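Got some structures for you, see below.
Two complexes are shown next, each including chain A; its partner changes from chain B in the first to chain C in the second.
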Partner chain A sequence: MERTEILNIMNMIMTKKGRSEITDESQSTREVNFRSLDFSETALRIEFKIGTELSFEAASMRKIETVKDVLDFFEEATKGV
Partner chain B sequence: MTNLCDLNFVHFGDVSVDIAGLRAQAAVALGARDLSAERCVFVVDSVREALGCVVYGMSDDLDFGVVERARLSPEVLGRFAENHVQLRNAHDGSVVGSVVAADQVEAGRVTVLTSGTTGLFKLISHTAATLNTFERVDVLPANTWFMPYQIGSYAWYQMVALCLFKEGQGLIPGDFSDLAASFEGAIARGLVTAISSTPTFWRYALMSIDEDTLKSAQLRSISMGGEIVDQAILDRLAALYPQARIRHIYASSEAGAAIVVSDGKAGFKAELLERTDSTIGVKMEEGRLYIRSPYANRADEGGWVDTEDLVEQRGDRIYFLGRVGNTMINVGGQKVFPQDIEAHLMAHEEVVWARVIARKAPLMGALPVASIVLRKQMDEMAAERMLTAHCEAVLAEYATPRMWNFLSDIPMKDSLKS
Partner chain C sequence: MYTTGQSIIVSGGSRGLGLHMVTQLLEAGNKVATFARSYTKEVGALSEKYGDSFYFAPLDAVDVNGVTAFVNAVCDKFDGQLDSVVNNAAIGQDQLLMHTDPETIQQIVNINIVGPTLLTRIAIKRMLLQGSGNICNISSICGSRGYAGLSVYAGSKGYLDAMMRALAREVGEAGIFVNCVAPGFFESEMSSVLRPEQLDTIKRRTPSGKLSNDENIFKVVDLVISGTTNMQGQVVFVDGGITS
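Our next item is the complex of A and B:
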């Protein structure tokens, strides 16, 4: 899945929760208030969009700190799907 | 020979037949055969035929039951055969399928069919005494009950037993092919004064029948059961029918009728757990509800039935949380009960029906996902924002559904549950 599509999903969740949209990939998820529940919701929405259940690597998830990490993570997870 | 209320009426559209008439009709079809030496289930093609068989079977203390022909499948036929139940056509008593080897016959046993929450077809043994749950009610005002239940189910038999054993209680069987139209027809004929149903049936009726028609029903008594009864539906019905006595009844095909609540509130009073003077006992152990009832068809040595329903005390009331094994959602270690979320969603004025389930999700383990039927169509994103805000105002963040599925109709099952 394209990075911009993933970012759109993240921003849809941010807007729904009444938070500002993410514009800077280098910001930490904590700074922009993108929480674990939002991460899980993003995963579900991506799965719904591509119509298949993804398998996620726990070790990669633990390393996530920035918005860029989130985008990299989902980009990698959806590669070849 | 069991005595029945021969003068009570059953109304089939514009035709009314009394109990004696139903017995005579079944006697013409079945009277030539001696059915006293077998356990049989009559295969019926109409509700009138089914009621005739029940009147006939109960009058003659047969070991019997009824099943709709449309429900017969290889699995169902196999279940009857392994229980030594002979299937017979209701219209002439001839054998359906193969002849089954006879086993122990119990005069007066009534075979009740249930698909249970597991979906497995089960045969539950009852008698007129365990089905007649109104037996201890001395004074029952005369009523004509709309009966929307599936033929042969426990709830159906309870309503039939009411008509057979309590004077002044008439029935209007609903047409299962179009329950809303048959309810509307019963209202238009001005006959219906009472109804026993499920919360899902009412949500379906509220969506399918216009409010003025519903309001025109002169309902004096409304009973609900079979599912968790939430505050939103109780309030909605109280507003529509201020003159009616609204009760919710906790009953199951195995525990029998046990708890009747008529104070207009969801759940039941915790003081019921303390009562020792009652015929029916209620206790809570490790969050599970146990019932001791003379209407139960099975129990442990102390007479208690494990209902497998989860309950919780909040203040001075006990609330139902759902069934053991398929209820709790674990969101990152936080426990959420879907029924709590559903009840909150259904309290929103734009929501007619809600169902919340768990969906596997990375990091949190699971997230609550909601299916919703809205009162009127609206933009889905706007509806999602509206309901998310509604949940976040009261529920914990982890209990707020994250995915929303908007349906056009309530997915009501044959059991009138959803």
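Our next item is the complex of A and C:
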């Protein structure tokens, strides 16, 4: 899935929760208040879109710190799906 | 009645407590879906009376693909909404652990633990996207107090209580409420293994002097899934005070 599409999903969740849209990939998820359940909701929305369950490796999820990491993670997870 | 206008799944609604809850929830204007391994004439009567507001599928709670397809079908039929899930389907036990065969142990674990966990997992995905929902597990006083002959069953009910507490922490922030209702013994096919003198002993030891009935338990479930309380991560005992 394209990065822009993933970011759109993340921003849809952010605005739904009354938070500002994310514009800077280098910001930490904590800084922009993108919480762990927002990550889960992003994953579910992507799963619904692509019609298959994503598999998550706990180790690679633990490394996520910035918005860029989230985008990289989902870009990788949806590769070839 | 506190719960009305919701789309609800109650597992194991073909008889016993499940059937009572399904009937009452339909009567109160909810859309209700249920499954059990076998169809009963009571299920047939509900289909006739409530038409599209009621959905039944013959299904084993441990069938992963079947449970997923069931939840998807329910959401399709009920306008994409899933407000509450009541994990009620379970099987009992009636033997000391040393006499319980390994297949029975496996079956209790599968139906009473894996089953509700699978259903809950799928349901909370829907609820997370909705931003609201209620999960109510029917556990048992056996999950918190020791009763001989019920070791594996008791373990499965203790699991439901423990899972519920962790899950409340996982999804509470998303507006999903997770709680357990833990009945004391009540009359049903499951408790029919108890002899009349055993039931009398239980009654004598119960401060209220009587066993709970389906309606006593349903009244609490109704409140728990109504979305009108801020109750989260709790086990509510409906047992006439036997655990007090």
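The definition used in the following text is that the second predicted complex is superposed on the first by the 81 of 81 C-alpha atoms of A that agree within 3 Å, B and C clash if a C-alpha of one lies under 4 Å from a C-alpha of the other, contacts with A are read in each partner's own complex, and residues count from 1 in each chain.
Just so we're on the same page, contacts are C-beta pairs under 8 Å (C-beta built on N, C-alpha and C of every residue); 3 or more make two chains touch, one makes a residue touch a chain.
Just so we're clear, the structure is a prediction, and the values are computed from it rather than from any experiment.
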{"item": "Which of chain B and chain C A:R19 touches, first, second, both or neither", "value": "neither"}
{"item": "Chain B versus chain C as contact partner of A:M61, first or second or both or neither", "value": "first"}
{"item": "Chain A: partner with more touched residues, chain B or chain C", "value": "B"}
{"item": "Partner chain in contact with A:L37 - chain B first, chain C second, else both or neither", "value": "both"}
{"item": "Which superposed partner A:R45 touches (first chain B, second chain C, both, neither)", "value": "both"}
{"item": "Overlap of chain C and chain B interfaces on chain A (superposed complexes)", "value": "16, 37, 40-41, 44-45, 48"}
{"item": "Residue ranges of chain C touching chain A (in the complex, touch as defined)", "value": "125, 128-129, 131, 171, 173-174"}
{"item": "Of chain B, residues touching chain A in the complex", "value": "331-332, 359-364, 367, 369, 384-385, 388, 397-398, 402-403"}
{"item": "Chain B-facing residues of chain A, complex", "value": "16-17, 36-37, 39-41, 43-45, 48, 53-54, 56, 61"}
{"item": "Interfacial residue positions of chain A with respect to chain C in the complex", "value": "16, 35, 37, 40-41, 44-45, 48"}
